[in-house]
Amino acid sequence: MSPPSPAVAQDDFVVRTRGRGFSDITGKVADAVAGSHVQAGIVNIFTAHTSCSLLISENADPSVRGDLERWFARAVPDGDPAFEHDAEGPDDMPAHIRAVLTGVSLVVPVRAGALMLGTWQGIYLWEHRLDPHQRKVSVTVLGR
Amino acid sequence: MSPPSPAVAQDDFVVRTRGRGFSDITGKVADAVAGSHVQAGIVNIFTAHTSCSLLISENADPSVRGDLERWFARAVPDGDPAFEHDAEGPDDMPAHIRAVLTGVSLVVPVRAGALMLGTWQGIYLWEHRLDPHQRKVSVTVLGR
Amino acid sequence: MSPPSPAVAQDDFVVRTRGRGFSDITGKVADAVAGSHVQAGIVNIFTAHTSCSLLISENADPSVRGDLERWFARAVPDGDPAFEHDAEGPDDMPAHIRAVLTGVSLVVPVRAGALMLGTWQGIYLWEHRLDPHQRKVSVTVLGR
């Protein structure tokens, strides 16, 4: 007799970023879902920081990520004289605003034991600081 | 003796959009919640695309949605020469940016077997492409 | 023999805002998580309004919140002549747009019976209207 599927499974990993830019974490999240043996439910992906974020975006053409970066760099410029909070440099406050605009938590459905992403959807961690960082990501799978 | 309530229920529907604009999906999500027989928990609403999004906004005055559209059209202009990714036209990259800014996944509480929205809250799918599309929406209800 | 942990726990509280600005609700959410006796899972925090929002941001330096306010005030200006919806004043439509950009629903992991926030992360309700309001917040904890 097989044991019942776990209702809740939690896993963590670290993303070593190379400074501002995108890291595709779709595979790592998919692995955590597969390891949970949950067949139907949801997965929450969370990063415990305030200057990077998580997003779902187009996974085929790298120029989409280039254009995202260009749009945000113009909308939230580094070194904006309106900002008081610049203790860690001109990218400090812009990183916090970018993280608020894009969020640090995602929820994706799980079906048939797998992430239910669309064909063109990828899950990315977006580093908003100019310098490399180690970013913690937590994955929680709930379901049956 | 009644059977136990299901812990997880999943449902899908398709939204046929008429090009850029808002489709109210509150009723369809409410139906999925009612059909799940979950009394207390959460519902996740997810769309498997990168050029439309899901949002909760004011449901009474249509001018709110008009103003949302005007603000986003100005903030993320179609045909912006900064964008490289324009294979599908001048609305291609703006659609991806709008989807990142507003998100493709929502979580709403379920209580007493119903969506726990505020009086003025509606759930919308926002089509960001100029042409009509068929958009898949998945609803996952978790609880007891 | 102890009873099984509840799988779902729901709690509400009201935030009395003093007009536009941030209210730290991290402690109230942490209390709801502790009261749920859920050891591992997620917590959803939801506000049933369309002119305030919930966000996770830096919790140490108040100038971060000042800079967030300055950036949003410039990006979504009160009294913008592009807006039709101004029945409740020049801050009416900007409040809806800010709420759409930052969201009314958050999901945070729960581990070892506690909120799994990063050291520098706090949970805030952001009032976008100029006048004080009473804002309802619902907390749903799911897990085991």
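By letter and in written order, the chains are A, B and C; residue numbering begins at 1 in each of them.
Please note the rule applied: contacts are C-beta pairs under 8 Å (C-beta built on N, C-alpha and C of every residue); 3 or more make two chains touch, one makes a residue touch a chain.
Here the structure is a predicted model, which is why all the values come from computation and not from measurement.
Engineer: Overlay chain A and chain B by their C-alpha atoms and let me know the rotation angle in degrees, rounded to the nearest 5.
Structural biologist: 120
Engineer: Could you label the chain B-chain C interface same or different, taking same to mean over half of its residue numbers are used by both chains?
Structural biologist: Chain B and chain C contact each other through largely non-matching residue numbers.
Engineer: Centroid from C-alpha atoms only, then distance chain B to chain C, rounded to Å. What do you get?
Structural biologist: Each chain's C-alpha centroid was found; their separation is 20 Å.
Engineer: So which stretches of chain B touch two or more other chains?
Structural biologist: Counting only residues that touch two or more other chains, chain B contributes 7, 75, 101, 103, 107, 142.
Engineer: Name, in rising order, each residue of chain C that touches chain A in their complex.
Structural biologist: For chain C paired with chain A, touching residues are 7, 40-42, 55-58, 61, 63-64, 66-68, 70-71, 74-75, 101-103, 106-109, 111, 116-121, 142-144.
Engineer: Inside the complex, what are the residues of chain C that reach chain B?
Structural biologist: Per the touch definition, chain C meets chain B at residues 7-8, 10, 44, 46-50, 75-76, 80, 82-85, 87, 93, 96-97, 99-101, 103-105, 107, 136, 138, 140, 142.
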